[in-house]
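You will see two complexes here that share chain A, one where it goes with chain B and one where it goes with chain C.
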Partner chain A sequence: MAKSAATISAPRKDRKFTWKEVKRQKVLLIIALIVFLYGILFYYLPLFGWATAFIQYKPKFGIFGSSFIGFDKFKFLFTNESIGFWRVMRNTFCMGALNLVTSTFMAVVFAILLNEIKPNLIKKPIQTVSYLPHFLSWIVVTGILHSALSSTGIVNEVLMALGVTDQAINFFAFPEYFWGIVAFANVWKETGWNAIIYLAAITSIDPTLYEAASIDGAGRWAKIKYITLPGIKPTFMILLLINVGNVLNAGFEVQYLLGNGLVKKVSETIDIFVLKWGISQNDFSLGTAAGIFKSAISILLIVLCNAWAKHAGEERLF
Partner chain B sequence: MKKLVALLLVLAMAIACLTACGKSEDKPAETPAAETPAKETPAAETPAAETPAAETPAAETPAAEAPAAEEPVEVTNFTMFITMPGSEINSDNEIAEMIAQKWGVKVKETWLTGQTASEATGTLLASGQYPDFIDSDEMNMLVEADALVALDDYIDQYPEFRDEWFTPEEWDKFRQPDGHIYWINPFGNTMGKSKATTHNDEAFWLQVRVLEWAGYPQIETMDDYFDVIERYMAANPTMDDGTPNMAYTILCEDWRYFCLENAGQFLAGYPNDGSVIVNKSTMTIEDYNTSADTKAYFKKLNEEYQKGFVDPESFTQTYDEYIAKLSTGRVLGMVDQWWDFAYTVNDVFKTQGLDAKGCNYVPFGLTTEKGMVNRWHTYDDTVNQASGIAITTSCADPDKAFKFIVDCTMDQELHDLRFWGVKGVDYEVDADGLYYRTDAQRAQWADTSYQAAHRCQYSYFPQWHGTSRDGKNANKPEEQPSEFQNDMAEPLVKCFAAYGAGNYPDMIGSIQETNGPWFPMYSYSNNFTTETPGGLAWALMGETKHEWLPKVVMAADFEQGWADYMNAYNACNPQDFLAEMQEILDTFK
Partner chain C sequence: MNQKTHKPINGWDIAFKIFLAIFMVIFLVATLYPVINTIALSFNDGTDAVRGGIYLWPRVFSVKSYSTVLQMENLLTGFKISVLRTVIGTLSSLAINALLAFVLSRKRFLFASQLSFFYVITMYVNGGLIPTFILYRNLGLMNSFSVYWVTGLVSAWNMLVLRTYMKGLSESLEESAQLDGAGYFTIFVKIISPLCKPVYATIALFVAVWQWNNWFDAMIYNRMATDLTVLQYELMKLLSSVMQQSGSAESAKDAGGANTITPITVRSAASVVTMLPIICVYPFLQRYFVTGLTIGGVKE
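And now, the complex of A and B:
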C-alpha cells in the first residue's frame, strides 16, 4: 500500500501537457471526472451548510432567510464558560490520542505475535476470532461493557474473589476511569481488525532477509527488531498520519452510551456537544460552529504531522 | 464505439447523481398515507352517546372473523412518533385491525429508543420528513419549523368535541404566539364523576411487605420512611428466594432525574409545579433548588448513602436497568411518578406472583415536618399545554387524521375497545351492565406477548378518566371499583385496610384544593429555548443539577459538597430563569 501511494504521488517529469496527450487519455480523464464530480457534490457542496454558523438559523426561514450574525456563535462557543466547550475539546483530544496510541500499539504487537505463530491451523482461527468484535455495533459492545462492569458483573466478581477489593466498584461513577474504559473498549473491538493491515505488510517482507539473518545467527527477537519492525515502518507512518486527522473523531457512540451525569465532565466529546446544542437545543448555528472548529483543528493536525514527517524524512501523505 | 458507450454511461451516472440530490419535492408521495381521502364512514359519524358500547354487536366480533366480511371502510395507514419509550405492538394486532375495519384508520406508533426526546425531535426536523402524528416534548421546535398543521379550523368543525374536551380557557392555553392551536393534550381529562383510584403522581413509594412487617406505622417524614427501611433491611437482608433486598434506589437518567431532583418542592408542601414553587399569597416565583427543605432532603439522602442504604448504581443506571431492578421485587422504596414505573412493574409482579409476596408499592406524601399538609396528589385535571398530539405537514390527509382524534375522544365504543378490550374476550358484562374481568382475563391482559398481539390502546390519543358515557362504568379498567379491588393482591388489600384507605389517593392523603390557573408551571418552562437568557439558564441549570446532585448525595462531606454545588448552580444565572417565570406568573395576577 505504501509503495503504490509513493508511485502515484511522484510526478512523471518526462511527460508534458499536450492536447494530444489529453486526447489519448480521454477515457481515463472522463472516469476521473466522475470521481471529481462526486467529490464536488458530496464533499464540497455540503460545505455551503457552514453558512449556518454565521446566521441565526431557523428551519422555517432557511439559510437565506435567517438573520446574519457573523462570528457571534464562535464568540459564544469560546467565551461562555458554562457551556464548557474547551472542556469538551480537551476530552475529545485526550480520548482520541489515547485511542490512537493504544490501538496502534496493540495492533502492531498483535500482528507481530501472530506472525510468529507458524502453523496456519492455529494462526488463522486466532486471526478470525480476533477481528470478529469489529463487526459488532457499539450498542452491543457498550451493553456488554455495562453489564461486565456493573456491581454484579464479572469484573467485580473476579476482583472480589481475588480479594483486590471487598466492595463492588461502580466503575461508571468515577470520572478517572472513564477514558481508560473507552480506550479499552476500542482496543477490544478494533485490535484484530487493525492488525490485518500490519500482517499484510509483514507478509510482503522478503523472506530471504529472514534467512540471511538466521545464517548470521539472529534469534527471534533480533529478527523482529531488525527486520519486521523496519519492514512495517512505512505502513505504520502512513496509517499514523491518516489517523492523526481522525483524533478529534474520538467517538460518539461509546461516550454517548456509557456516559452519565457523574462522568459528564470527562465523557462529552465534540460530537455529543454538537448533538446536544445543535439538535437537542435546536441551535443549529452553534452546532455547526463547533463542527467547523473541529474540522479546522483536524486539518491543522494533519498538516503539522505531515510537515514533521517530511522533515524527518519518513513516508508522508502529501 | 466503446468510448462512446463509456461517455454515455458517464453522463447517465452524473445525471443520476444530480437528480438524486435534487429530490425533495415529492415528499408526500412517499408517506404511506397518500391514499385518496376516504369518505367519512357512516359508522364513525354516529354520535357515540347514542350507541352504548355494550350493545353494539360489531365490536364484539373477534378480530379473526372481521376481515373476512367485505370491507366497508377504506383503511388509511398513519404513522405516529411519540418521544417516550414504549412497546411497539405487532403489525397484525387484533384490536388495531378491528379499529381499522370500523373507523378506517390504523396508526403505526413508534417510540423513543436510546435518544432523548429533544434529540429525536431535532433529528426529525433536520430531515424534514415527519410522521403523520407526533407527540413530542419539544413542540415549540416543531412549530418554529412550520412542521405542524394548525388545528383551529378542524376543532371548530367538531363543536361537540371542542366543548367537551376543553373549556375555552383551556383551549386558549394551547394557543401559540401566532394565535393558532397546534396540538391537543390527550391526558388528564375526567368525564363525569371522577373515579380516580390511583395516585398518578409522584411520591415516596414503599413496598407493602415492609409496612406489614413493621406493623403499618405512621410515616410522615423522611426520617420515618428511612427508619422503617433500615429496620426492615437489618431484619430481612434477602427475599424468600435469597435475592438480596435493596433499600432505596434513585432513577437519574436524562429527563427522568426528577426522581432525584424535585422532591424538595413536595417536602415543603407545594404541588407539582415542576420547575419552580409558586407562592400563592405573594404571587411570586420561588426556587426550590436552593430552599432549606431541598437541602434537608439531600442531606438525608447523603446520610443514607453513607450508611449504604442507597443503591450505589443509582446515578449510573439506565431507565431499562431501573425497571428491571424494580421488576425483581427486591427494591423496597424510591421516589417516582406512578406512570413512570407502575404500569410495567405491576404487570410483572402479577405474572411472577410477586404481588402476593407484598412487593407492590404504596405512596407516602412525606413532608419536611410532621403534620404539614402535603400536595403530592393532583386532584384537578392537569392540563399540560406543553405537549400533546399534533398532525404534521407531512400528513397527506389531515381531515381524516383529525377525525380519528375526535373519534378516539367521542366514541365510547372505540374508547372501550382501546382500554377494556373485546367484550367476551377481555371483559364480561354483569346483569347491571357493569364491566368486569375474570382472573384469567386479568392475567392475560397483563401478559406482554398478549399485549403486543391483541391490545391496542393508542395511548397517546385523547382518552378519558372518570365515568363512561353509559353512566356506570369507568373509562379506564383500573378505575372500575370492582376491578381495582379484585386486581389487588392480598397484602395490598390488608395494607389499605390498615391505613383506612380505600385507594391510592386516600393513602397519600393530600389536601384537596384547586390549583391556580397557572398550574403546572413546568408546562411553560418545558417550552423555553436557549435563545432567551432565562431559557439558556434553564438548560444550564439542568446540566449542572444533573451532574452535581449525584455528587452531593455521594459526597463524603455533605456541607462541602452542597457548597460546591451551590457555586456551580449560581454560575448558571438561575435568576434569569426565575425572572422569566415570574413574568409568566404575572399574567395571571
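And now, the complex of A and C:
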C-alpha cells in the first residue's frame, strides 16, 4: 500500500502544468475533481467530526454551537472505573492479537501443506472448499457456530462420545472460553482465504531451488524450513504490519453477535463500547473520544512495528 | 507420483503423508459439515428435528420451513432490498473505482500522486463510527436506501488493485487510439475496460459479497425503516433470540425445550437462503479473485 504511495510520488518528465495540458486532459481533471469532493465529504469530513470529543455535543446546536469541554471526556474515559474502558481496551487488544496470531499461523500452515499436495485433482477441490466460509456473513457463521457449540450441538456430542466430558458444556456461558471461540471462528472463516496470498508467494519461489536442494539430499522438512519459509517471509512481514494496524479494528461483528450477558466482561470491545455509549446512550462526545483513542493506538502500533521492521532489516510499509 | 524408485522409502515421508491426509480430511469436514448440516436441517420436518440426531441428510423430508420463510414479510422485504443494494452498490462502486483507477493510471494526469495519496490515507485513518453517524444524519441519509450504496462508493484498496492492473496494460493501443482522435472516455470504455474484465470481475465479487453480507448499516441507519431492511439483519433478529437465550444460565439446563423461539429448521432455511446465492457464484469466479488478491497483495 504505502509502497505504492512511495512509487507514485516519483516525478514524471512528461507531466507539465500548462494550460494546454489542462485543456487536453479536461475529462480526467473533471472526474478527479468529483472523486476528490466525494472523498472530502465522506472520508475527511468525519475527521473534522473528531472535534465532537472536545465539546459537549448537542445535536440541535451542531459542532459549532456546543460548548467546549477540552479533554474532559477523555479524562472521564480513562479514570471512571464503572464504565470499564480499560477492560474494553484489554478485550479488544487481546482478542485482536490472538486472532492475528492464530489466523496467520493457520494460513501459513494450510498454504504450506496444500502446496505439498501435488495432484491438482485433489488440491483444487480442497482449495475451493477452503474459500467457502469467507463468503458467508458473520451472521450465518455465528449462527452455525452457535448451534454447533450449544449443549445439544455437534461439539458436545463428539466430546461426550469421546468421553472427554460426561455432561454437555454450555460454551457460551463461561467467560474463559470466549476468546478462544472468537479466535476459532476467525480461523474457521478466513484460513482458506488468507492462505491465497501465501500460496501465491510459495508458487513464485524459484523451483530450481527445490531441485538443487533435492540433489543435495534435503528432505521435505528441510526444504520447507530453508526454502519455503524464507520465501514467504516478505509477504508475511508486510501482511503482519498491515494487520497490526487493524488489531483494534477487528473486534465488532463476532463479539457483538456471540456476546451475551454472562460473558460481557470479556466480550465487549471498543467498537461495541462506542456503539453502546455513542448511539444507544446518545453520548456522542464520549463515543467519539473512545474512537479517537482507538485510532491513535492503531497508528502508534503501525509506526512502532514499522520502526521495528526497519531496525531488523525486514520488509516494511514506509 | 514418485517415479524415482531408487530412492529409499523414507519413514518420515510416509508419516508426513499420513499427517497431511488427516489434516486435510479434518479441514474439509470442519469446513463443510456445518454448512451441510444446516442444509439438511432446513429440509427436515420441524417437529422431528427437535429430537436431534440430524447430520448430513434430512430424516423426515419437508420443505415446509422454506414455505414458512417465504411467508415472512420482513425476510421477503430484506431479500428484495439485499438484491437491490448488491446490484446497485456493485455496479456503481465498480464504475467509480474503475474510472478513478483509469484517471490515476494515465501517465499524463497531472495530480496522480496527490490524488492517490489522498485516498491511501483513508485506508489508515477514518473518522470512526460517531462522526460518521453525525455526518450521515446531517446529510439526510438516515432511513434511506442511499446509505447502502452512496457511502462506500470509493474504496482505496479496490482502486489500488484496479490501478495496478491498468498500469500493467500496454500503452501502445491507447496511443494509437489517441492519434485517431479518440477521447479519454472512448479509451476507457472501448480499449481499457475490455482488457480489464478479469480484475473487474474480482472487484465486483468483493463489493457484491460485502454488500450482500452487510447488516451494520441497516441496523444503525435504517432501524426505523422496516421497508428498507436487509436480509442479513432480519436473519440476525431471527437467530439472536436463540443466542440470547442460551446465554442465560437456566436455559443451559433445558436447552431442548425450544418452543417459544423460531424452530431450528426455519432458522436453517433462512440461513440457507442468505448463503445460497454466494455459494452458487463464488466457485466460478475463483480464478479471478485469486489473481485480484495477488495483485493487491504484491503491491501492498
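Throughout what follows, the second predicted complex is superposed on the first by the 273 of 318 C-alpha atoms of A that agree within 3 Å, B and C clash if a C-alpha of one lies under 4 Å from a C-alpha of the other, contacts with A are read in each partner's own complex, and residues count from 1 in each chain.
Just so it is clear, contacts are C-beta pairs under 8 Å (C-beta built on N, C-alpha and C of every residue); 3 or more make two chains touch, one makes a residue touch a chain.
Quick caveat: nothing in here was measured; it's all calculated off a predicted structure.
By the touch criterion defined above, A:Leu275 lies against chain B and chain C together after alignment on the C-alpha atoms of chain A. Contact with chain B, but none with chain C, is seen for A:Lys58 once the two complexes are overlaid on the shared chain. When the two structures are aligned on the shared chain, A:Ser151 is found in touch with chain B and with chain C. In the superposition on chain A, contact of A:Trp19 is made with neither chain B nor chain C.
Of the two partners chain B and chain C, it is C that touches the larger number of chain A residues.
In the superposition on chain A, contact of A:Leu37 is made with chain B only, not with chain C.
Once the two complexes are overlaid on the shared chain, A:Lys265 sits against chain B while remaining clear of chain C.
By the touch criterion stated above, A:Phe68 is placed in contact with neither chain B nor chain C.
Contacts of A:Ile126 after superposition on the shared chain: chain C is touched, whereas chain B is not. The intersection of chain A residues touching chain B with those touching chain C, taken from the two complexes, comprises 27, 31, 38, 59, 139, 150-151, 168, 170, 172-173, 257, 260-262, 275, 278-279, 284. Residue ranges of chain A in contact with chain B, taken from their complex: 26-27, 30-31, 33-34, 37-38, 41, 58-60, 81-83, 139, 150-151, 168, 170, 172-173, 257, 260-262, 264-265, 275, 277-284. Against chain A, in their complex, chain C makes its touches with residues 1, 10, 12-13, 16, 20, 23-24, 27-28, 30-35, 37-38, 52, 55, 96, 99-100, 103, 106-113, 115-120, 122-135, 137, 151, 153-154, 157, 160, 164, 183-185, 209, 212-213, 215-216, 220, 232, 235-236, 239-240, 242-244, 246-249, 252, 255-256, 264, 267, 271, 274-275, 278-279, 282-283, 286, 289-290, 293-294, 297-300. By the touch criterion given at the top, residues 1-5, 8-10, 12, 14-15, 17, 21-22, 24-25, 27-29, 31-32, 35-36, 38-39, 42-43, 45-50, 52, 57, 59, 110, 113-114, 116-119, 126-133, 135-140, 142-148, 150-152, 154, 168, 170, 172-173, 188, 191-192, 196-197, 200, 219-221, 235, 238-239, 242, 245, 252-253, 257-258, 260-263, 271, 274-275, 278-279, 284, 287-288, 291-292, 294-295, 298-299, 302 of chain A touch chain C in their complex. Per the touch definition, chain B reaches chain A in the complex via residues 3, 6-7, 10, 13-14, 17-18, 21, 114, 116, 118-119, 122-123, 125-126, 138, 141, 144-146, 252-253, 257, 312-313, 315-316, 529-531, 539-540, 543, 546-547, 549-551, 554, 571-572.
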